[in-house]
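Once you scroll down, you'll see the structures, which are given as structure tokens.
Paired with subunit B in one complex and with subunit C in the other, subunit A is shared by the two complexes that follow.
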Partner chain A sequence: MDASLGPSPLSRARFLRSFTHSLRLLLRDSSLLIAFGVAVAFVGIAVLYPLVATLSRAFSAEGAAVLANVLARPVFHRIILNTLALGLTVATAGTLVGFLFAWVQVRVAAPQWIKRFIHTAALVPVVSPPFAVAVAAIVLFGRNGLLTYQLFGLRTDIYGLPGLTLVMTLSFFTVAYLTLRGLLYGLDPSLDEAAANLGAGRWHQFRTVTLPMLLPGIASAFLLLFVEAIADLGNPLVLGGNYTVLATRLYLAIIGEYDLTAGAVLSVLLLVPSLALYLLQWRLATSASVVSITGKPSGRGRLITDKRATIPLVGGALLIAALVFLIYGTILVGAFVVSLGVNNALTLRNFEFVLVGYGAKAIIDTTLLSLLATPVAALLGMVIAFLVVRGKFHARNALDFGTMLGIAVPGTIFGIGYLLAFNTPTEVLGITVLPKLTGGAAVFGGALAIVMVYIIRSTPAGLRSGVAALQQIDPSIEEAAVSLGGSRPTTFRRIVLPLIRPAFFSSLIYAFARSMTTVSAILFLTTPQTRIMTQQILNETDAGRFGNAFAYVVILIAIVLVAIGLLSIFVGTRTGAEREAA
Partner chain B sequence: MYRKTPFLFSAVTLVILLAACAVPSATQPPAAQPPAEQPTTPPQEAAPTQAPQAELPPAQAPEKSSTLTVLCTPQEDWCQAMTRAFEAETGIKTSYVRLSSGEALARLRAGKDNPEFSVWWGGPADTYVAAKAEGLLEPYISPNAAAIPDSQKDPEGYWTGVYVGALGFCSNRDVLAKLGVEKPDSWDDLLDERLKGQVAMAHPASSGTAYTAVWTQVVRLGSVDAAFDYLKKLHNNILQYTKSGAAPGQMAARGEIAVAIIFSHDCVKFADEGAPMLEVSFPKEGTGYEIGGVALIKGAPEPEAAKMWIDWVLTAKAQEIGATVKSYQLPTNPEAKVSERSVKLSEVKLVDYDFIEAGKSRKAITQRFEDEITVAPK
Partner chain C sequence: MSELQDLLVLEHVTKVFESREGRNVVAVNDVSLSIRKGELITLLGPSGCGKTTTLRLIAGFELPTRGRILLEGQDIAYLPPNKREMGMVFQSYALFPHLSVFENIAYGLRLRRLSKEEIEQRVRTFMALVNLTGLEQRKPAALSGGQQQRVALARAMAIRPRVLLFDEPLSNLDAKLRVALRAEIRQIQQRLGITSVYVTHDQSEAMALSDRIVVMNEGRVEQVGTPEEVYHRPATLFVADFVGRANFLPVEVLQLENTHAIVQFAGKRLCTPAHPDVRPNKPAVLMVRPEAIRLTSHALESNDALDGVVRNVAFLGHYVEYELTWDQHVLSVEDESLPGRLFRQGERVRWYFDPERAFVLPKR
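And now, the complex of A and B:
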């Protein structure tokens, strides 16, 4: 690489060739630099700038007055307490359910179909808008619920904390399940075996050996769920009743009062616990890996076969899994009847409403914008992962953190941040770098802002899976490529990307599903020109037209599933090596 | 493989470029349009920042009369039926956004300097009064407004009434029978202990319907304090304050509650649409009513089309569209046919509702409602 530097007595032609060669090298190497620049610029504009705009509004003189007012009004004390209580109950219940599912999956002897059944049940919520469960829950367990009242004659009150805990646990426990399942698979069973050899009973083993090793993982799942629960907007809007939380109050401040300052102040109140817990979780998650220093698991441990343990464990998991399928079944059936539980006549009226009216436009807009965001988010995730894992500069940790803010910060706050930051053209040193992105007369009818939000919300997952994949690849493979004369971008394209293809594929899927189901971050960003399905679903739910909402949800889930199918055909899950062989 | 990865990068670039062209064209309403007006539009100079926008549809250009964006507050299907009929009649590409009246006001405030809507149609007059006071509306006296009674329009032409509706109780007969409670015909009937958790209304911060209900108490009981005393008692029986005004009617239709406080025409609509157990009744002390308005928005991007819309919605023909989608509000144009399903105002006692005063007090009352009512223990 250095050969072309420094003048040497070459002929004109050779000099020219050498010069263009070095220029090309520089350009090719600088493409990595450009990638870094693009990543930093994107994170700076799309993630940090809106947050800074929110913070500066909240800490302005006007914001201080609102904050004083908020802290003085008892209604807000109640709201803050409600928010924390909701986070606590959902995180507890969700971690328990996730743990139960993971434990049955990894440690309990059960027929394969049961394991597949509960695994599928745990993954279904990923492809549906989070509050779809809440709507179905009203039909099933509400005042006049199909199950609670019409079958068992119970007048249950589902609006409020108990109902919210139920639906949010069922919507979010996937996170806990996947975290703990991975951890359980990674645990070295020889420790359990050693304990058993020393005469410890199953329960004693669990309490003194397994559980302590899992604690960091459990804590990390708990904190993730807590953050997700206090950030959620859709469920409390639909099912909150008079149980107001910060997210719903914030929504009212913007939608009902259009008070951006109050919105910014409430955002900060919500941001502080979210970020603090997220950082704590991050520390825990990184320290948790200490456990696996013992090395790769040496074979699978003995599975639990004792009926006294397996029957309640498998039974409990099956019951919850059945509940998940019951809820999604309700959505499917509800889409095809007039009003489920009240008038069960079959009809296509719901689909007609959705497809004939503005619903068709919402479906097209949402799918199109998600399709745009998906490759960008996945690729950005991979590039940032590469920079973070292999980069040798200090800024890499900041880049990692900045990207992760996209998911650590509650979506509603980005909604407000975007309104504050991009409602006027963005100028740097008097030069317009971005036109007006939100509100009336925004470029592309506000679509650009929505795509940006989709990207920042899904890049973090791609980044994490990219980092995980890259850490498993020995850097010597890349070093070999470089010492054979490959530049870094060439190495990235021809060596790294093919090796992390599965991670790339999974982040494509995640990005699409996430974009299609995003609610809280885009509610303030839709315009007359751009309609988003999740918002239409929320509107239909709020107006009480559940049949239409169900029809939307069915169509949305169908689109996500079809996209996943198509992606696996076109991108494939095979690694580069397998492709070369084919 | 070697060729494929650069392809990936160029594919992404391509996708982004395509986005620039694809998104605006996707933002057009899906309905097929007579393309005839397109060529008459002069080349627009809007949005010069982006190169690929040469093919922008006229939707974003400062056009005179080829498009119209309506801020629509009544039920979704009425909004659809109206915009379709207007489009068919005039050839003006008409799109709408349905927002409840509180949200609508908030959105207008947000877009004050650069409005995204040209005309606002439907929703109670008190929000129009508030909007007028904040300078969000432009006066326009339609030639057709002469037919509308003076009590149903703003004397300065800032808004004109398009329909009238009365607030009522929407009861689920089956649930009432199970509870052994008679159909309510007084505000005090709603305080019955057996109705605990069986009543719902919307939140006045987001819903004009709910605000009408709250202001009705102020008028009927003579003072804001007395109204809040009543609302505090009522709070014991309220299951939920919903965001949208008509949503409690759907809760009653699903049998979740016994009585919803909503506009009577919404109740009749739900009954006709598959919930025959719903019944309307009116409080004997007097009830509030709304005048649905229409107004030109200040700085409207499509003022000509907006004025055509206002002229049109005041005609008898346009006011008869409501009944075809089971929206039984009373027309304000005396020549329009009144559906049999509409409420007969002569049979209902109305309170003396002062829209100006109601509109002015809105902010203070909604904040007091939040501070005193929503947090009160039950």
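And now, the complex of A and C:
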């Protein structure tokens, strides 16, 4: 209300009335207030506080000097250009591959097994650490590559931009594929039919109807890939060679030079394009989803059967899918031989190395911490989604945005932010609210910080799927439950949660897979007491012990797959809402 | 009406929403109402008139910006909806899709921690009441629209609510089912004597169901009255126009006689019932319902009848709808449907009405 009119007695009375009104509203729904408080506190502490710490270090007097130095030196111009170039190539290639896969999946007449094959190929990268592909690529296409040298006698250089583009495209195109596939399924085929009815041929339909409708979705996938590419640390570390990008320079600043100020400054340089593009993507994605809802889908439309079109399309997709399987096949085989390409004798030594000593602890620690983070992240995602969709307060958009920062901000930046924010106990008004979370002598050997990072990286996906699910549910269902005498928490537990069970289930899976495979955000947070598998894989790769790295990857993927299987047994199918639909 | 009989009272209730652009929108504007124990009262009005917001204020899903809501004398304006003991039947049914019919109806009873036997017994009673016996284990998705709304009704009644609220419960059903179900709702409501507030934009539904109708427009109450009062003695021009169809004819008020007024209409003097606010020489209109107008053949001489030309004809079976042009006006007429009697488009006819079936209203 107009509380800002000034201190006249009348407006003060109005202000008081509106204030007591809001207060009564909040007190009446204390459960909502508590949920909101918990969500805000978590986002504030785990997401915003580290970012603020990074920013304030970067913009301190010391930081300003570093920034001036960075902006003046040509080597940093090179690094920034490298970063943008990598983002551009990966986003372009990834969007093209994603589009090809989605198009073949939805619009092309092809045998079902081919479609299933390419669909599986698109999903495999989700359950593996992002740089596993890079390691396999070195074995296959490197200077001594199985394919390039030993088969064709070529001395190729996989290190650098072309190699990075190849492996990052194959690791990240899944997101483009899933986005565009969803949009293509959502497109009303009667639009194409209308165009055909008016005399447009296949190609003309594609150019004048389908493509313009998909454009926001394509742009959104492109931007998402761009952000993911410039944020990635694992692949450039393994395969970058002399091609330095911001993320690797940042890593060097922290691990090599232990210069947190330089790290903070580089973080800001990386943060600005990431956030800007992410926001642009968000706007596009919202407009894209509006476009796709054009009346009821009326059947599937005609599939493309013209051999001149299907053969190159299906052939291209099959080739890429085959490449994906070749790479993961390499990982699997590489785990069971002494040194793939050099000594191909079968052995279990790699697994022996991984499963005893260091490796065992890393496996247990990583799995345990991921298991801790998974339910928290999924539940938090659902609760925040509920607040965002059903809440009536203005702060809900801020909460949504704050939560999404967890994935929009490159993981490396969170790594630095956590170092800056939590290297000493956190105090509010002289009272310690959090103990020291990172570095030496951190509480639980830094495990708490790692779990927090796992949670903030996974909650955004849960939030989005929760929002999508809740928007499908008529709010009067909840009102009915409340008017029958149920409190808000009872209604959430007994009505809402069962109805959004599929979304909850998928965010559990996502959170576990994401946590197990996270690299960039936790590299700075591991301590001798807490070992994380992805870091061990990186170490083994660095030391050239590819066999051990492959064994780790195989075990990691196996754990994720087993967890997904167990989850679907215990959560997915007992009384899932999907059964009610039948 | 004595205070004791008023179960639910709204006192100067106002609800202001803030629109997305930040403007204040007054959805409910100073509404005062008394709802008596055991009656069914309908909130009737066009979309956006504030009727649903008023219902949601009663249910507790919205908080009033100003004013009091009293239930049996106790102010409940800030009581959460789950503490109000009001059952609600929603337009979209709002059944819990993951629960069976039985569990849907039992939901409110389980929250009240009734014994297993009592829940069982009460669910069966209310399922029988709405003719659903045998469908206990079905899921809502396996029911027809009419059955779903019966479940919703049983679920809302099973908690023995102090007030039963209906939010356009029949508008998603087809016309025939709507008529059948509204008769059923009325029967059950009267049999159990449940105090009910019913929101609808369908005037025939409101007429058929209600003890009293509250006609709302732009957040305000235009009239509270029995269906008969609202139809034949509308309090405002809006009510006259919104409830049923009406012809508004120009008249001059000459003098008043008790409940009637002597008016000058088309060169003649008529004595017709009049609105209490009608005053001589103040602007007024004459409301004549389409079914009050009679037509005769132009060939027949008549002193009272006026000339008109048929502009449009719609033969609807049980009656015939005409549009007549008369002296710059277009009149709606509902004429009896008699074999062999149908005036054609362009035909000249004579029309007249019984002044007792007309009503004079002040303009503005």
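Here is the rule we use: the second predicted complex is superposed on the first by the 542 of 582 C-alpha atoms of A that agree within 3 Å, B and C clash if a C-alpha of one lies under 4 Å from a C-alpha of the other, contacts with A are read in each partner's own complex, and residues count from 1 in each chain.
One rule holds in what follows: a contact is a pair of C-beta atoms (placed from the backbone, for glycine too) under 8 Å apart; a residue touches a chain by one contact, two chains touch by 3 or more.
This structure is a prediction, so every number in the text was calculated from the model and none was measured.
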{"item": "Touched partner set for A:Y258, first subunit B, second subunit C, both or neither", "value": "first"}
{"item": "Which superposed partner A:D474 touches (first subunit B, second subunit C, both, neither)", "value": "second"}
{"item": "First, second, both or neither for A:L499, with subunit B first and subunit C second", "value": "second"}
{"item": "First (subunit B), second (subunit C), both or neither touched by A:G486", "value": "second"}
{"item": "Touched partner set for A:P528, first subunit B, second subunit C, both or neither", "value": "first"}
{"item": "Greater residue coverage of subunit A in the superposed arrangement, subunit B or subunit C", "value": "B"}
{"item": "Touching partner for A:L215 - first (subunit B), second (subunit C), both, neither", "value": "neither"}
{"item": "Touched partner set for A:N343, first subunit B, second subunit C, both or neither", "value": "first"}
{"item": "First, second, both or neither for A:G544, with subunit B first and subunit C second", "value": "first"}
{"item": "Doubly contacted residues of subunit A, that is, touched by subunit B and again by subunit C", "value": "498, 580"}
{"item": "Of subunit A, residues touching subunit C in the complex", "value": "1, 21, 24-25, 28-29, 474, 476-477, 479-488, 490, 495, 498-499, 575, 577, 580-581"}
{"item": "Subunit A residues within the subunit B interface of the complex", "value": "73-75, 78, 138-139, 142-144, 149, 157, 159, 237, 241-242, 244, 252, 254-258, 338-339, 341-343, 353, 357-358, 360-361, 364-365, 368-369, 372, 375-376, 379, 419, 432, 435-436, 439-441, 443-445, 447-448, 451, 493-494, 497-498, 527-530, 539, 542-546, 576, 579-580"}
{"item": "Subunit C - residues contacting subunit A, complex", "value": "16, 24, 59-61, 63, 65, 78-88, 90-92, 94-98, 107-108, 111-112, 139, 141, 152, 155-156, 159, 165, 167"}
{"item": "For the subunit B and subunit A complex, residues of the former touching the latter", "value": "1-2, 5-6, 8, 11-12, 15-16, 19-20, 22-24, 26-27, 29-30, 47, 49-50, 59-60, 69, 75-77, 80, 95-98, 102-103, 105-107, 109-111, 114-117, 175, 197, 203, 205-206, 238-244, 246-247, 249-251, 253-257, 274-275, 301, 366, 370-371, 374-375"}
